[in-house]
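Shared chain: subunit A. Partners: subunit B in the first complex, subunit C in the second.
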Partner chain A sequence: MKRDRDRGKAAAAAASGKPNMWPEPQPDAGMDELFAVLGYKVKSSDMADVAEKLEQLEMAMGTTADDGVSVLADDTVHYNPSDLSGWVDNMLTELTGESSTPNFAGEDDLRAIAGGAIFDTTESDNGCKRMKAAEADVRSEFGENSSAVQQPRAVVVDSQETGVRLVHTLMACAEAVQQENMKLADALVKHVGLLAVSQIGAMRKVATYFAEALARRIYKIYPEEPLDSSLSDILQMHFYETGPYLKFAHFTANQAILEAFAGANRVHVIDFSLRQGMQWPALMQALALRPGGPPAFRLTGIGPPQPDNSDALQQVGWKLAQLAETIGVEFEFRGFVTNSLADLDAEMLEIRAGDEEETVAVNSVFELHQLLARPGAVEKVLDSIKAMRPKIVTVVEQEANHNGGAFLDRFNESLHYYSTMFDSLESDGGGGQDLMMTEVYLGRQICNVVACDGAERVERHETLEQWRARMGSAGFDPVQLGSNAFKQASMLLALFSSGEGYMVEERDGCLMLGWHTRPLIATSAWRIAAAEG
Partner chain B sequence: MKADVRGKNPSPTISSMQNPSLFTNSRSSISGAVLTGCLSSLDGACIEKLLLHCGSALESNDVTLAQQVMWVLNNVASAVGDPNQRLASYFLRALVSRASRVCPATMSFKAAGIPHRRLMSVTELAGYVDLIPWHRFGFCASNNAILDAVRGFRKIHILDLSITHCMQWPTLIDALGKEPECPPVELRISVLSWRPPTPPLLNIPIEKVGQRLVNFARYRDVPFEFNVIKVGGPVEEEETVVSSSFYDFLLSQLNATIVKVNVDEALVVNIQNWLRYLPDEETSLSDSSCDGIMSYRDSFLELVGRLSPCLVTVVDEDCDLGAQSGLASRIVSCFNYMWIPFDAFETFLPKDSPQRIEYESDIGHKIENIVGYEGAQRIERLESEGRLCRRMAAAGFMSVPFGEETVKEVKALLDEHASGWGMKKDEEGMLVLTWKGHNAVYAGAWVPYAPAFHQNNLLV
Partner chain C sequence: MDMDMDMDMDTKKKCTRFFINDNMDVLIEILKRLDEKSIGVAACVCRLWCALTRNDALWEHLCFRQLSPPREGVRTVVAALGGYRRLYTLCVKPVLTRLGKRKDMWTTHEVDLSLSLFCVDYYERLFLAGAATPPSSLIFLCKAG
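Right, the complex of A and B next:
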């Protein structure tokens, strides 16, 4: 829902000569409507000043927190949240023990505290009344004695209410960005930081990552340096260890591949992102135990170039070869280094036919969506896959639409998605480094979704329905993931009993893993459509 | 076997990754656990190796590796397949249950892995006992040894510690009824009010069982009395709090007064599939009447000795799953042992028989307890024949070999069952029931060395 914004009407220059990071504001007489929507009665013209106070408060709060006593962490009394400036200033007073202005007497005080009239006496009645009402509230809280504000009094913030405010502020900021009202966006992003401090756990982390991503977009500090792929692999390893997501992907995809390989004497798995190859040992072990003996197993691993020119793919290949030897499976490995799957074509993979005909499985875990950043890339890759004549194609993707045309839609979708995901990881209680690195891993995705655009925005997640349509029109038919895959997924969830909110859902032969009612990951399997022979 | 890895040689720098452990087990303490060339059929040895692999992963806290092995096992296990597959499914369930618990509970002493279970009627219990000679073997050997030992006594008192709800005694009462004694031998049987929380579970209380025995004895003209010795508070059969204070209390009840030992009675202590539920960890016990560091099991045997029984019969399952076994070796031992009843059921019952599913599920609970728990919650502490013999000797007992008559009787019993069942007698005179050559259940008889041996130890 769009509003008419007075974009040009920005705050007057800051009253004091203190430095601020804001661009030169423009004169504005009225209240900022957006803030009004949020319930904050602040004139745009005074925003600079409010912002300044926010900064001061942030610093004061930060200090307090360092003492080990963060009053903001508690659910304590909060009064009149709608009077932003007054609230800020009262908090400042509480924390620093002194009023920001020397005088405090009478109705004019709050205006004085605000360092420049929030409301002129010439302000409309409406505004004045509200202000007066606010004052009255404030004063009744403080009691009759005007110096009551000096009394030590448990402050401040109702964290649940702040949590709601936090989400609203994030969304308001995103909307401001979409409107290209960067100054407002900037103020809001700072406010997010303030509110985030009062939160704990997943909420705080998610808000921080989204705020950072918004800030990058606002200040145009993007893209962040791309991680070299070994570090990116490390991060994904931690994600693998934390929570069931990547394991769900492997468990279900491997089951589909194992079943597709039944009866085949030579098999070939093409892994679109080999990374550390964690998916393959279990499959190889199961193939080794197959009644009738294991098939010959060929693995083609695809990965990005290494910054130091080391051959990470070969290292993984060697390790898997050693495992294969131990378990008695004939093994062959080939690595392909490429920046994009679209640069590969089927011929390079040298699929074997005739005497050595091999049954092919193509496996893509969190890779296909990246192709959507380049026009035509995904179509090209899907065509290449068809040329590989696979018996089965396993696809695991994030179950979300983070690729909508409007920034705000993407933002809101991803906020919901990553909040849910962070929530689930919080419950695992695994803690420690794995969790921290997983958050960094997810934080980078958030950053990409929010701060980037064009070819750099690679985290273009789409829903199962969208992929279904794309695969269908590219000439693929769905393959039902059977009950065994569901059994595997259920067993995995049983292993994660600490996170009892996880759920597995079957939808039209695909499997989804989610947290409470929200699906987060979807595994699907495909084969070339019958008509295409 | 070709392992052709094309491309450049790997560079010397190898980024250190967590958990490459399914590749090479240089970190693992059991490198031999990596499966080697299990080809063709998925035999028990392969499954055993998988289970061992999983167990050692859990022991070394490598949760990821354990999960990967479980994924493989999930493709092998089947509750309706062949014995190995069925067994694998229960083991997998136990492993998942163990792996999913964030910390193995040490605080609660409730016997673990025992949810509400089906109660049998007496008829069903009789059917269960008759199906395979698992229990009847022990009944037969013990009853014959008892009859030998009490010959000449006018009164017999049997302290019965078992899990089969007195199914052993009709045969003995019958045998006594047949003896041409005049006046007839008087029989008294005492049981405890507590029994280990394990199947078979009966739908009537032990007092009712006693009543039935009384009626049966009257019918056979055998003077008979049945006592229930109260131990512990009011406890449900299925949910028994087995804490150390309970065992302390239990042992404190095992004295001549409470057990009502009479000098004119021949006392027999009959311990059938019961000893394994007494903890065998060596701890310094709260009861200072027992010297030094002993386990409850040892203390119990000492107390039994002090009752000066004229015979102690012990029957139990021949497998070492006690305090001393680590998880991985326990899994392997348990798998190999539990294969025996599973294979026997396969021989005697159809694949989809509900009875079979129930019996297997009962064993499944046992497996869950053995594999899934540690400490006081792990109540199934099986002990092999050899270890038991040493334990009895240390507690001051001398073994009494089974007589020829007994051996004959047992053989005759086994002949009633299928040919897979066999028996062997070892040097100590103990008898062991075998299935296809594998040791299943042992039976032994002992007497305390000399009554003075025990009375010299001052005790209440």
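Right, the complex of A and C next:
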């Protein structure tokens, strides 16, 4: 019994070619049942036979791909998954059999599916064997009957397989777009839509957003004017409520600012993205309770113009002032409305010196990357930051490279990034409206990364290493985020219901928050390089 | 903790000259040492006890008893932001529960975090005062772990 069960497990694992999380083995009530639970029908009498054939199949798969990547091991095609024995037979015949290419009536373009996209390598040559496997891929989708192959079976039923196929189709579509093969891209993007419907949860949402973004790019329907800034603030507010990302960003940045303000009597924070001001209550409270009493706290908030000309910044400033009065902190607020940070310069901010000398901190959460859309903008802003003579500059950015030169690279990177992010949010248990709005918020970013270009593409995320280099060459030295920040961050994460999934990582004095092994956002702190006069 | 109250009852029966409700400072000292659940039970005893359990000093002790001395200014700030009872219910208790800590293992880090979250909550209530949806940035603390 046990031997067969193990073999059954191994056989099933080989069938889909990747380690899966199997459900707990059912109590042994017969050979069939274990497979039946997984959706496969195998007769007990056939088990040994099937296992042997699977071994042969695995060997055959291994020799099919000539680039070291056992393609089908990751991308098996189930022609009728429930009949495992029949399926194995078909696969064996196909792989060890003919080499003639089947006839596609009117679907010639599909043969051009580049192996590279599907098999996740950077090679783009269409080797004959790879194409055959790709065709086998496609054939199952489109149910084409060809003279050479003899299985007219049904299309994929297993949703896990569909998930893998979905990702591959998305990547194939992106590659087609990069190669300007819009006819193919069009077919593929429609297909993604079909596949996405069979999925649930994060996978479905991510696929839908990426498909929509691809469609926009293909049909050149770019989003209309950028979202109303007050609506965009509301979306970010919902993002704040779901998941620990923004809270992590605020708490770690605040800790660095708090430590930099130690001993100062007058402090001034310049916030590049005031929005609803959610970062500052916690800092003000920490300042109120610091030994020796609070300093005089001045906040300069920067924000975009409002469509109805209302002064959103002042409203936020007023709320913060009320809070400050409640907790006993001397408070002053000033708002600056500007379309771009590059239009600001330090003199406007009227940093005080002399008797009223203030210690300055500059804070930027998810703002700097937008400057990369215009050449020279980020350098100008970094220069004006230096002119502000800050004691500390806190920067929080997405940890990903979505600013690569090649569209396909950006696409693949962002697919991985947002899939991870959506996964993490899904696990927190739907917050209902909050989750939905958060998804819209992220969906807009996806749309921008994939569908836009030039000055319109503002979601130009770059990795910590890239920012490090940029800050370094602009004349900034890193400031280590201390253990207090790390402890606070870890505690914060532990409070989230799926605390096991989130992780805090310290890298060269910077803190990163990630989901499982993938870092998603990074907080870093900087000061003006000592060498400068 | 229930033993304290049993003892009081016994004492009352045995010795009619001493009635705990006449000695509120003693009563408060006793109630201060209770845990949250017991305070809830105590609140059901009589109106006086109910009123006493709403005394913020009790909850302050509950929040920070292991950290002495309490930091200067904390009381004013907490009172302004809504009081220790609210702080405990909203932040301290979930933080402790989620982090699986007993109160005697509490450090200033947990205190700081709780206070920060408390302040964020206050700001949200201030900000969204009058809005249809209540502030939800602390909802993650309420979700079942």
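Going forward, the second predicted complex is superposed on the first by the 371 of 533 C-alpha atoms of A that agree within 3 Å, B and C clash if a C-alpha of one lies under 4 Å from a C-alpha of the other, contacts with A are read in each partner's own complex, and residues count from 1 in each chain.
Everything that follows uses one rule, which is that a contact is a pair of C-beta atoms (placed from the backbone, for glycine too) under 8 Å apart; a residue touches a chain by one contact, two chains touch by 3 or more.
All of these numbers come straight from a predicted model, not from anything done at the bench.
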Task = Check subunit A with both subunit B and subunit C modelled on it and let me know: fit or clash.
result = clash
Inquiry  = Taking the superposition on A as described, I'd like to know which of subunit B and subunit C A:T252 touches: first, second, both or neither.
reply    = neither
Inquiry  = Contacts for A:T326 in the overlay, against subunit B (first) and subunit C (second): which applies, first, second, both or neither?
reply    = both
Subunit C versus subunit B, contacts on subunit A by residue = B
Ask   = Touch check for A:S424: first (subunit B), second (subunit C), both, or neither?
value = neither
Query = In the superposed arrangement, which partner chain does A:W318 touch: subunit B (first), subunit C (second), both, or neither?
reply = first
Task = Give one of first, second, both or neither to describe whether A:I234 is in contact with subunit B, with subunit C, with both, or with none.
result = first
Request  = Check each of 202-210, 256-264 or 382-390 in subunit B against subunit C and return the one that clashes.
outcome  = 382-390
Request  = Return the residues of subunit A at which the contacts from subunit B and from subunit C coincide.
outcome  = 240-241, 247, 251, 254, 276, 278, 281-282, 285-286, 288-289, 291, 293, 319-320, 322-323, 326-328, 429, 484, 487-488, 491-492, 494-497
Subunit B-touching residues of subunit A, taken from the complex the two chains share = 230, 233-234, 237-238, 240-241, 247, 251, 254-255, 258, 276, 278, 281-282, 285-286, 288-289, 291-294, 308-315, 317-335, 429, 484, 487-488, 491-492, 494-498
Key: Complex contact set, residues of subunit A against subunit C   = 240-241, 244, 247, 251, 254, 276-278, 281-282, 284-286, 288-289, 291, 293, 319-320, 322-323, 326-328, 428-429, 431, 433-434, 484, 487-488, 491-492, 494-497, 499
Inquiry  = Quick check: in the complex, which residue numbers of subunit C touch subunit A?
reply    = 71-74, 76-77, 80-81, 94-95, 98-99, 109-110, 112-113, 115-120, 122-124, 126-127, 133, 136-137, 139-141, 143-145
Task = Going by the contact rule at the top, pick out the subunit B residues touching subunit A in the complex.
result = 1-11, 13-15, 17-20, 22-24, 34-42, 46, 50, 64, 67-72, 74-76, 92, 96-97, 99-102
